[in-house]
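Letters A, B, C and D name the chains as they come in the text, with residue numbers starting at 1 for each one.
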């Protein structure tokens, strides 16, 4: 298993330099690459632009840790709990730093990525008409009854999937949000996966492969790398963990203690998992898909 | 198996009236709904607009049979043999009738359908710049370094798939061409399938379902309904049949004899298959995909 | 029978769903409202979820988010968000639900900024799919706790447009396709709008509250319908359904 | 060793593929050219097919079309055409192949109309993905039988633009991203273009033909390179590969 396989630390070191534009959490609530985000925090990355639709807590953590220069997203908070307290502090008091916000809707951020995937400057849409979001994001312009959504091209899309092979052929299932367009738009894709499998698995179903392997620069085998977000067939969502984060992140001190406990105070995902019992979240009941027959002769 | 299941004859009678705009052959060479096209010919449908990318012989047959008013497509011919002789006669001599041609490229027809799927008047692209196709299709307009591709919204998309259930949840695999955007753009979708299966099969893999069932108006169980085009896991392409069609369709008389033999002279697909040995084309070697686990608890 | 204000809101919201509707189901309470309606008067209602799902029945287990595994198992379609939004842009979504932080007398929602965007007093999470639903669905409903600071004369920032400045034809002038807000369901009452849109009025008051309570808790001089009524309380079967899908009161019992 | 003109064309086409290239593989002969290159000097070349496929090895069996089942088995990606075209629009396709009916001295291709579009003498099948490849790939090559009526001074209809009117910077002035034609491979010879584009010149003549043969079969006063050479004949291994992937000569033996 050589190929593009590397550790999370190596992937972040190589492919998420300071100042990068990074798409994460592209499937909305499931498959959020928290392990990758936490490594970005540990490596003290700075001045990142984060691109996403609805972001469930991960963007809030990166903002609180001071990694973020700009948010280009439809929503930043905690889906089951409400507000993102670090996001609030950054926008309201510049704590720990000022950030720029480019508001989008879920639909418009998808179109911004499709524009980049097709290499056009913008795409038109009928959403956003009559919304004040048009006044705060100069990448959205109303023109004769439509809104032009400017292309957003991430330097890298970090995507957590159920399984991938060493060359980066990734299978993900369940709702995909804007995952496909994020990977096609980005200059490069980093895959983190629950299972690292052989190509006899991935190539058995080429329709399920998310991206052309030519876009994938790194494959990180990171089981439970999406915790506390859910992974179909592997893990349920850890609602309690989200609630604990929401409560503790209300104050800067509380957030910093949370960050020390779960991110800075551990070396890697293994260290994080050592402090946690994920077995209670593990999906035990199987629902295998009926195979498709790719027979050719 | 009630639901939306009906015969091909019933589906064409109800959902392909004279004058319809019909998308077919959206996966390019595979999965071409020949059985549906032949029923359209038998029912003497007239003044149709046909929408597709590269069309492999089916559009040529519909043109030769006098069903077609307009072609909105990237290519009409016989992929392994070359020219479409009925298409030539119609364009060159108005035989059997004049047709209007709205030339597209493969990329531009896909974008025209995405525009309809997203309900916008047009989408921009960087293809077509410098091509004279811009002079023959008024639905394509060069404007400041880009080309605007006007939306194309079929009344109905007819799609052949490997399997579907009675409600029209369809699974297709292999290259999809512009199938997904055609179904999302169209007002309605007619599914023809190799296998009619229960929802325990289709819902076992919701990521493989092509369209929202709310768009599907008819499901026709038509094994070998794509012959002579290939169907992954079921049938190889019948190259000899395409060659025979190419040879015989060189003359009007030859085409009419071909049409009598294979379309007008049979009542339905069963009659067509009775004149043919498809067993030599059947795929016998299996390549099942590795299942995806949709376990949730 | 005792019930919480959230249970009242869910019951009222579920009654907005008509049989056969394609419902764009938002976060939190609307997920329960769809489940309740589907199990009662709207057996053929389908749910569409922006995460990229369509369903014709509620999930078999509790959902903390629409992307939780039980919402995927048995789904009719698992796809990209842009495909789901495309259906809504085609006018195929009959009813949408949006959560709001602030609503004003013309049904405009603010989920972005309290105060100036440059230096807000409160930065709210943002639109998510809210603006998309407000602009593209045929009709929509919002749910929120009834507080004077949340029901305001005019929102400081219109994230999801209702009837704008309330003048006739405002939405059409913006080029908006969808029909606009049908109701604001709060912890105290239900506000509705004239058929052609415009200014919200008090349509019904939940049991235990009065018209005066509602008006005193509303940030503008709230109009009251001549036929203002009492909202019918959740039925036993509605409550049973709610408690089946939210057994621990995650959504329907106020947190301390 | 004996070989057919089509085998010569496939061998020459395969030599245009560089190791590591992402190749947009067109219909017919280019499918064989990719197979030959992949098995010889370009082991890491990948093939991209407009039908919606990416591969890193030739199909295991004969292909009548790129959508035949053997081309799907073992594919690296089976997807929508628009995704494949998007990659090309991003400049990620190194080399494309286009079949042409007519080519002119500036490398423009006509696959649409001979004569006027309103009432053509010959209606050709159309662009397919040809114009997309001509405009969006980094460089492209076309293959065609060498006949005077097919190699013309100026095509009557530009389906797939080469260097337009041949003036410097014509493609850039059109806003075209891709680099344009690199070679025209015919049954008699190979035409190439100056680095900055413009007019085709005779680069090499296939064994058995002469410069005069080629010029007399060409519809314009064809320039000849000072260092015009003889095209090297297909090697035994090239022919072996061609015949492995086209065992019955479906593509490489002229039909009676």
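Some notes on this structure:
We adopt the following convention: a contact is a pair of C-beta atoms (placed from the backbone, for glycine too) under 8 Å apart; a residue touches a chain by one contact, two chains touch by 3 or more.
Since we're looking at a predicted model, the values are computed, not measured.
Across the two interfaces under comparison, A-D and A-C, the one joined by more C-beta contacts turns out to be A-C. Of all chains, the one whose Cα centroid sits at the greatest distance from that of chain B is C.
The centroid of the Cα atoms in chain B and the matching centroid in chain C are 41 Å apart. We define each chain's centre as the mean of its Cα atoms; on that basis chain A and chain C are separated by 27 Å. Between the CA-based centres of chain C and chain D the separation comes to 58 Å, rounded to the whole angstrom.
Those residues of chain B in touch with two or more other chains are numbered 111, 118-120, 125-126, 146, 173-174, 176, 180, 207, 232-233, 236, 283, 287, 294-297. Residue positions of chain D with contacts to 2 or more other chains are 53, 68-69, 72-73, 78-79, 82, 85, 89, 177. Listed by chain label, the pairs that touch are A-B, A-C, A-D, B-C, B-D.
Residue ranges on chain A touching chain D, taken from their complex, read 117-120, 169, 180, 184, 203, 206-207, 209, 211-214, 294-297. Residues 27-28, 49-53, 64-69, 72-73, 78-82, 85, 89, 112, 117, 119-132, 134-136, 157-161, 164, 170-171, 174-177, 250 of chain D are the ones touching chain B in the complex. Residues of chain B that touch chain D in their complex: 27-30, 53-54, 56, 73-77, 79-80, 82-84, 87-88, 90-92, 101, 103-108, 110-111, 114, 125-133, 135-136, 145-146, 173-181, 229-230, 232-233, 236-237, 239, 242, 283, 287.
On the side of chain A, the complex with chain B involves touching residues 111, 118-126, 146, 162, 171, 173-174, 176, 200-201, 204-205, 207-208, 232-234, 236, 283-297.
Listing the residues of chain C that touch chain B in their complex gives 22, 46, 53-54, 60-61, 68-70, 72-79, 82-83, 85-87, 89-92, 177.
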